[in-house]
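Below you'll find the structure, written out as structure tokens, and then a few comments.
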Amino acid sequence: MNNRLGNIFTVTSFGESHGKAIGAVIDGMPAGVPINIDEVQIWVNQRKTGQQIYTSARTEADEVQIISGVKNGISLGTPIAIIIENKDAKSADYNALENVYRPNHADYTTEVKYGIRDHNGGGRSSIRITAAMVAAGAIAYTALQQLIPSISVLSYVQAIGKVGMDTEQLITYSKNEIFTASNRCPVPLINRQMDELIKETQLQKNTLGGKIYTQINNLPAGIGEPIFNKLQAVLAHAMLSINTVKAFEYGSGKQASEQTGQQHNDAFELKNNIVSTTTNNSGGIQGGISNGMPIYFTTAFKPISSIGLEQHTLNQKGDNIAISIAGRHDVCAVPRAIPIVNAYTAIVLLDMVLQNRISRI
Amino acid sequence: MNNRLGNIFTVTSFGESHGKAIGAVIDGMPAGVPINIDEVQIWVNQRKTGQQIYTSARTEADEVQIISGVKNGISLGTPIAIIIENKDAKSADYNALENVYRPNHADYTTEVKYGIRDHNGGGRSSIRITAAMVAAGAIAYTALQQLIPSISVLSYVQAIGKVGMDTEQLITYSKNEIFTASNRCPVPLINRQMDELIKETQLQKNTLGGKIYTQINNLPAGIGEPIFNKLQAVLAHAMLSINTVKAFEYGSGKQASEQTGQQHNDAFELKNNIVSTTTNNSGGIQGGISNGMPIYFTTAFKPISSIGLEQHTLNQKGDNIAISIAGRHDVCAVPRAIPIVNAYTAIVLLDMVLQNRISRI
Amino acid sequence: MNNRLGNIFTVTSFGESHGKAIGAVIDGMPAGVPINIDEVQIWVNQRKTGQQIYTSARTEADEVQIISGVKNGISLGTPIAIIIENKDAKSADYNALENVYRPNHADYTTEVKYGIRDHNGGGRSSIRITAAMVAAGAIAYTALQQLIPSISVLSYVQAIGKVGMDTEQLITYSKNEIFTASNRCPVPLINRQMDELIKETQLQKNTLGGKIYTQINNLPAGIGEPIFNKLQAVLAHAMLSINTVKAFEYGSGKQASEQTGQQHNDAFELKNNIVSTTTNNSGGIQGGISNGMPIYFTTAFKPISSIGLEQHTLNQKGDNIAISIAGRHDVCAVPRAIPIVNAYTAIVLLDMVLQNRISRI
Amino acid sequence: MNNRLGNIFTVTSFGESHGKAIGAVIDGMPAGVPINIDEVQIWVNQRKTGQQIYTSARTEADEVQIISGVKNGISLGTPIAIIIENKDAKSADYNALENVYRPNHADYTTEVKYGIRDHNGGGRSSIRITAAMVAAGAIAYTALQQLIPSISVLSYVQAIGKVGMDTEQLITYSKNEIFTASNRCPVPLINRQMDELIKETQLQKNTLGGKIYTQINNLPAGIGEPIFNKLQAVLAHAMLSINTVKAFEYGSGKQASEQTGQQHNDAFELKNNIVSTTTNNSGGIQGGISNGMPIYFTTAFKPISSIGLEQHTLNQKGDNIAISIAGRHDVCAVPRAIPIVNAYTAIVLLDMVLQNRISRI
């Protein structure tokens, strides 16, 4: 169950970075949802390398195959299995690392836990395995839109390293504004500054982290399952499951701790006869349940651990050694994490929306 | 299952703030653990009001009763049911609020979701119901210490409003230093400044939030269950389940997003023949699994929503109304949240430590 | 999770036979269900001793207390905790048995498993702990009837020892016919023969088993969750969870193995414009999903293990000893198991009916 | 979660009979287990057609592919995905059945539940999808044998139709005695009588059911998780999940209901200094926990529903129609169910054995 996301709409992940394939199985898919494989492929492609100016050289076709659960483009209500073959798996690149504990990777902890590890491409701890989860998320999103046609989940890169958007710039942007930007930052000037920063950091053989801002519009009030599957708690769980995420905050977030009650409280009012709030420090969630206002949260990513610069570390025998990690690695993975954040959010939302069907007799 | 914390060591919560009692049932308790009811009571008392200078006037005995699962002070391996009666439940205080949506409370969302709500004391959305979870957490902590005698989970108040400790002050303090401080801040000067701030805010009929810093020492390497029950993910889930938490970060946290790979990476080294890292930006977790270094995280709390100042809001009919919330309310709940954070952390850790028993044949 | 019945409508059991209380927590109760505590008490009373001619002398009030989740007689959608205090727990009766392994009891296996056991009244392995589950089942049944007003779950005693009803007598009887019979067998002649058999067996200090026949009428087609929560599989799981059940069969059951396909198959036909089958060897379930026909199954119970006759066994030290179990014990527990079978069936059905809400978009 | 078997060692099934492939994902596999793909293939082959004298003409290679979770023949502790391609899927055979409800199939109930169904080969309700579960069971069995080298799970055909073994013949047979018999009945005379019966029934275009007897030797005492995952309850759940199973009984089974306590009780005694029982009506399970004696149970299967004889039924429009099912179908599927019963038993046992690791501190 540890490789499963969701409670009643569940997605179980499988696969290693350099094994035969990676994949996911959806159990709990409602019947009757039109599944557009092209749309699913678009989501998966958004996660691929080669879209930024300086990216990892691994070029995977990442072709999504749906093995079961769909007939004539409609979900059957049975499990949907998704397979993505690993075709460009150059294990030879990793031979030198077989006995080395790369700093800030999962090499050492995996070995301690399981007594065995697949060192090729990081095995199971590689970000690559999220590709199949992204496909599952695309399917979840389709189902969500069937249920709530006006819903949208939009994420964009708020910051890369120290280059980032101001708080007042954190508004709703169009999908187009986001995905035409090389770094998925919808403010062109800042996106260009990010390009510069990445270029410079690449020359230094160094890497960068960043932040992603996510906004959910038009989720109806009433979604979320207190007291241990509050909407913010399951979102945080999902986000902290992404490999390099170090922090999650929703609504006014960390800053809320410095506000007084008077500053923070969102007054209720009727807007077009709908219960709304004048401000939205709550981030659209009260008591773990959506209140109908936009939901927003920020996820912070650490820099990529594989740097070209020399680092000191240990090997299995306990010898001090120096390594410089060659291989195929990005400078900054944050833009590629956009579809992952969207996918995990869609999975969580669909799970919560379906669960809400049983909250009343 | 939505009122359950944990996967194989599970705690299910029940009870409303002003019902007959609140409680919790532990399912998955290993047999053979000595349970000291006095120690459990100490944890629960740490959550009670009346310990800070200006606190809620609700005075509950909060006497913990263990109904099952323990015989002659030893756990039987059967479910442990915990009951805490509600004795000082003054529902009359809440009559005026029956049809009102208090700002930033769960009143409106609960009503939308369930079509019915218990307005007394916030019903199920009250922080009061965590008392029984704290008792369960104390029991989990006892089991943890049986398994790992040197382990410790220590939390303290890092900040109240804008008054807080500096980063370099975030170190290990003794239980005594923490619990003798009125605000659970172990730096006396800052604790006194917090007293001042609370006093002042109380006069303004306003409220405050803050931050709690938690450190886990001596958890062995190998604990955590990728890829969806990574240690940081289950900790985040647990923390975001606490009523007023708005943000979670671990290790270098949000700040990691501004570091380069070179700045962030923690070099491995042998220290007393144990694999360690020179720095600890990882916060003791790599790839979702503990690496043997101290684990640390920060949880940010919004200010209490019930303020004495006049606020504008709606009632059930949709009328604009003005309210000033009287009742019995704290100025700042953060110090009282220390045992909750500790309890949820202990539950999560025991669950993960037990699960690790099945990671190898 | 091992003390939990149900997947999304879940009931977690707690308590030992001679502890302070036994109980159950419902998590997943839909909001808006009227809960009639008197009706719940009726179900629990049906499980009490003292209703047959020769029964256990333990006289428990078995007063059901609902601690949470209900306000003004309506379910809130929050967990419902049920408590039944143990008032007539005469632990002294069991002192002689502290170190003895009673034949066919759970004494030996409990001790091997947990290394500790509560010998009083069988501790957790006592049938007594089902009382709180029966209360939960009564609540589940109320919810079921809200959803499907015409539904009925009726169980009766089909056989005690070798005295039983013929196959053609296995039809629908009224609640009244069942509960006015001392042995819950609705055919008066057979019920009297059962009385005779019990009387005779009591004089021999011996005990009896029997069979219960259960029929579910008016469950709509479409209920059941293949392929691992097929309706028959979850019913079997629930029935085999009852302490002394040794066998479960549904539809034509064990006998189906001797039929040919031609004999067994149920032809489809339209009856009053409803899809029906001419025969019902399927027992109302096809492919794990209800087909709208009556569902029926039989559960076989072994005789009570505590007999007054002398038996040979071992004590903890491994000594061969002879025991005759005094205490308060029934001759035949099967009639008292009727509400347990009904309760577990209701819990399973409600769980399945609610899950079916998410089978389609 | 409805397509998952197991609680902490879990196997999730996917695939339709005539889709691209069927498969299963193991989540919770302990690391360090040697996986022999040839041995896995042997189990899967035991389920294939063409081994009895008169069997279905579908000839699938059923080649098992392990996609993940194993490296150099050793389990990594990560999910193991199993794929078996569908190569001989002749959907054309089923075109005539697209709108017909075959008697005693899942056609009608699937359509009612999901509003859509894959009629080819029965889609998800086909017994074919158990092939991948059998592969998972073979892996579970390997892990079990690593933990308990002397353990064995042996099943054989006890009866086909009315031709069956006597009670005293239900003893332990060797794997060889079982698998060299065309009908998996280890008593040659009875196996030959079964051949005769099948031959005769085939000529009549009719079908047969039967019974499988399963015995588990050398499971240590202490395995099973009361009160809702008792060993017999999870075994029953697993067995009733097999497509055509109608009844489950363990130990003295249904017959126990006719015994007195004195007849049924198994006296404890020391045998070679091991706690044993003189008789074994308990079937090796007491209080839901294994007691170290052999565990045995019987599973009854209905006849195959697809018969060549003319039957009356309905189509989607509600017209009365007559059908004779051609296609490729067995006369009796019971012998082919042996590996399914073994596989599900192995999955349940490994799950329970692993869970027992956390029953004590």
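Some points to look at:
Residue numbering begins at 1 within each chain, and the chains themselves are lettered A, B, C and D in the order written.
The rule is simple: a contact is a pair of C-beta atoms (placed from the backbone, for glycine too) under 8 Å apart; a residue touches a chain by one contact, two chains touch by 3 or more.
Bear in mind that the values here come from a model prediction, so they are computed numbers and not experimental data.
Checking A-B, B-C or B-D against A-C, more than half of the residue-numbered contact pairs recur only at B-D.
Looking at which of B-D and C-D shares more C-beta pairs in contact, the answer is the pair C-D. The distance from the centre of chain A to the centre of chain D, with each centre set as the mean of the Cα atoms, comes to 39 Å. Note on chain placement: the centre of chain B and the centre of chain D lie 46 Å apart, centres being C-alpha means.
Chain C and chain D have centres, each the mean of its CA atoms, that are 26 Å apart.
Residue positions of chain C touching 2 or more other chains, listed in rising order: 1-4, 7-8, 13, 28, 31-32, 77, 113-115, 124, 355, 359-360. Note for the complex: chain B touches chain D at residues 8-9, 28, 30-33, 75, 77, 143, 146-147, 354-355, 357-361. For chain A in complex with chain D, the residues that touch the partner chain are 1-4, 7-8, 10, 12-16, 19-23, 25, 27-28, 31-32, 65, 67-69, 71, 74, 76-81, 83, 113-118, 123-124.
Those residues of chain B that touch chain A in the complex are listed here as 1-5, 7, 13, 101, 103-106, 108-110, 112-115, 124-125, 129, 159, 161-162, 201, 204, 206-211, 221-230, 232-241, 243, 245-254, 256-270, 273, 275, 277, 281-283, 285-292, 300-307, 309, 311-314, 318, 320, 355-356, 359-360.
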